[in-house]
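Have a look at the structure below, then the notes.
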Amino acid sequence: MSKGRLEAFSDGVFAIAITLLVLDLTVPKGQPDGGLWAALGREWPSYFAYLVSFLVIGIMWVNHHTVFEKVRQVDRAVLFANLALLLFTSVIPFPTRLVAEYLTAAGDARVAMAVYSAVMTACAVCYGTLWLVITRDAGILHVHLDRAAERAALRRFGFGNLVYLATVGLSFLNPVATLAVHGAIAVYYCFDQLRTEGTGSAPDHPG
Amino acid sequence: MSKGRLEAFSDGVFAIAITLLVLDLTVPKGQPDGGLWAALGREWPSYFAYLVSFLVIGIMWVNHHTVFEKVRQVDRAVLFANLALLLFTSVIPFPTRLVAEYLTAAGDARVAMAVYSAVMTACAVCYGTLWLVITRDAGILHVHLDRAAERAALRRFGFGNLVYLATVGLSFLNPVATLAVHGAIAVYYCFDQLRTEGTGSAPDHPG
Amino acid sequence: MSKGRLEAFSDGVFAIAITLLVLDLTVPKGQPDGGLWAALGREWPSYFAYLVSFLVIGIMWVNHHTVFEKVRQVDRAVLFANLALLLFTSVIPFPTRLVAEYLTAAGDARVAMAVYSAVMTACAVCYGTLWLVITRDAGILHVHLDRAAERAALRRFGFGNLVYLATVGLSFLNPVATLAVHGAIAVYYCFDQLRTEGTGSAPDHPG
Amino acid sequence: MSKGRLEAFSDGVFAIAITLLVLDLTVPKGQPDGGLWAALGREWPSYFAYLVSFLVIGIMWVNHHTVFEKVRQVDRAVLFANLALLLFTSVIPFPTRLVAEYLTAAGDARVAMAVYSAVMTACAVCYGTLWLVITRDAGILHVHLDRAAERAALRRFGFGNLVYLATVGLSFLNPVATLAVHGAIAVYYCFDQLRTEGTGSAPDHPG
């Protein structure tokens, strides 16, 4: 099976999931006249959650391409691993809505944030698994990965998973800070992943 | 008419339908503080229905590509058959929402599950019809299908249709089990279809 | 400007508009147990409107491609005419929702259906305009259209516009029949357009 | 990194954002029979906001392509600048909904319109930034931009940003006129940008 279709379908899911986030930004209704400014201000958790989830999905899309640029063809196992990743990616608007609704609730903010962090952890685990599945068979790749680079990537995935797992715990201590941490991780991955993965792979890219 | 457009449009519909499923995951509102965890737990039918419908659409997308990899060009009949398939595919978020809402209702769970199963049966019938329409004219295909393989595929489609029809009946006996059966069928098709269809067709694929 | 982008963007809008229709199928809430079957039955205008709008958008997508297969490159006027067509196409889920909600209301069914018919008329006018804009300059086309074929197409567009305009009037006489007429027109175009446009253009198609 | 993916993903986000606007057109519910016509009439701010936002996103999509037709490959900085643009583009349905809801409210119309104008200003700033990032490195471009053309484009971006900033102020004076101004700016950019950018770039375009 060629990778073209997998990429097109994945692109579609990423693009739709990132754009559906806007539906979680709710317009305050039935305000007494003049109260809209304050009402919008009270919705700050929506904007914060929107921004972080946008960054997370955006960076996941970037890394998805960085990974598949190295891939020549896909088999059934890659397909499954990718579908699992898309499952958790396309679910992200749900915990985003949950956080937008409950981030300012005294106790439930922790539950909402823990669910958000758990979904992010699941995404990270799926990413690591996808990488493992892709690199288990040299025939799938069209660039040569030396053993050291492969292990470094795996270590980074493993470390990332631990960080994400830690955010689940952090959610119960400080939900707002946890959301900020998710944003920070997305920005970090943006810089780090691209620098490391980018070396040498761009010229090989056919498309 | 070339198949490229049909595939692009179908990809779009599959990707959007699978991503719209997340809108059916509703955030519980107006919980007494501390009640969010339990409220989320009560929404388990939503998550279950989401997971099954995601698998079903995902595998339908995979099989759609497996089928069209064998196709060289499309005519009016293929176009109609494909549009009918897309009609029922894009409707899937509706019975998913129905099941999410009514799976725990005593009597109505059966009705909801029967509607869900009926839509899945319609998808299966459309798939079989699409296959019949494609294989009726050898000029449409760009790989050679021997008669035995063609008949085996048709038998499998026929058998699949019977199984789907049976889930409509099963819905009235045990709605929750029926949803699980739909998930199991999706996983089964994932393995079986890919193995059978995959032989030989991958190298011919131009894209 | 190359036509590839215009097609990709248009494909996206068509695919999303056709899939968003499912959001108009509302799940009945708060039924007394056992009442779901009847409640679903009362929603028949939703299913009817969904089916007709799906057919209309589906056939518009098919014809969009049939038209652009003949096009080599696009200029600013084509771009504008196409954007106007997309504007009315992407608005279709709104009158569909309107009809789904009001088709069984005594007096308002006429208003809802007239709005629906007006949007369809606008789509038809945009199609005819797009065709005029494309055929006004022979350099835009990459197939040779003889004068007779061009005029025949124009006559058909003109006649189609008149039929659509008539449905606006018909909406005030019999709203349910008007919706059926829209479905019938879509099916008619499906057969007629494809037959006429299909001759000779398929072999020239590069993609 | 090749630009193909960036374009496909951006196309998806633009197409989805422009099509999601239709969800902001709400169907009036629970009208006394015969009152639908008047109820629809009262929703005119929805239609007005829909039209303007459709034009704005449509023209942003056109210009996005005009810019990237000149680009040969993208680097990390371009990626970031593009992601920022997509962030504000995909958020447009939210201020559109806000304006649709509050344009006829005495005092809050100003707040709603100011938010709308601020989002548009952010889009314009992101566009200018993207242009700066792209033109800072001649290796990224595959057409030769002479210094004068580059500066003229930059001046135009700068002037556009000032105009957009002015609409934020105008929102507090006359919200309805401000919405009309946004529509007018979109139509203006449609004509102006295409004429200027179009010279010479079309023949170089590979895709």
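A few comments on the model shown:
We call the chains A, B, C and D, going by the order they appear; numbering starts again at 1 in every chain.
Criterion: contacts are C-beta pairs under 8 Å (C-beta built on N, C-alpha and C of every residue); 3 or more make two chains touch, one makes a residue touch a chain.
Remember, it's a predicted structure, so these values are computed and weren't measured experimentally.
The angle needed to superpose chain B on chain C by their Cα atoms is 90 degrees, rounded to the nearest 5. Two copies of one sequence, chain A and chain B, touch each other mainly through non-matching residues, since under half of the numbers at the interface are common to both. In whole angstrom, the spacing between the mean C-alpha positions of chain C and chain D is 26.
Chain A and chain C have CA centres that are 36 Å apart.
Residues of chain A in contact with at least two other chains: 8, 12, 16, 20, 23.
Chain contact summary for the complex, chain A toward chain D: residues 7-8, 11-12, 14-16, 18-23, 25, 27, 29, 31, 33-37, 40, 50-51, 54, 58, 61-62, 65-66, 69, 190-191, 194-195, 198, 202, 205, 207. Every residue of chain B that touches chain C in the complex is listed here, in rising order: 1-2, 4-5, 8-9, 12-13, 16-17, 20, 23, 73, 76, 79-80, 83, 86-87, 90-94, 97-98, 101-102, 105-108, 111-112, 115.
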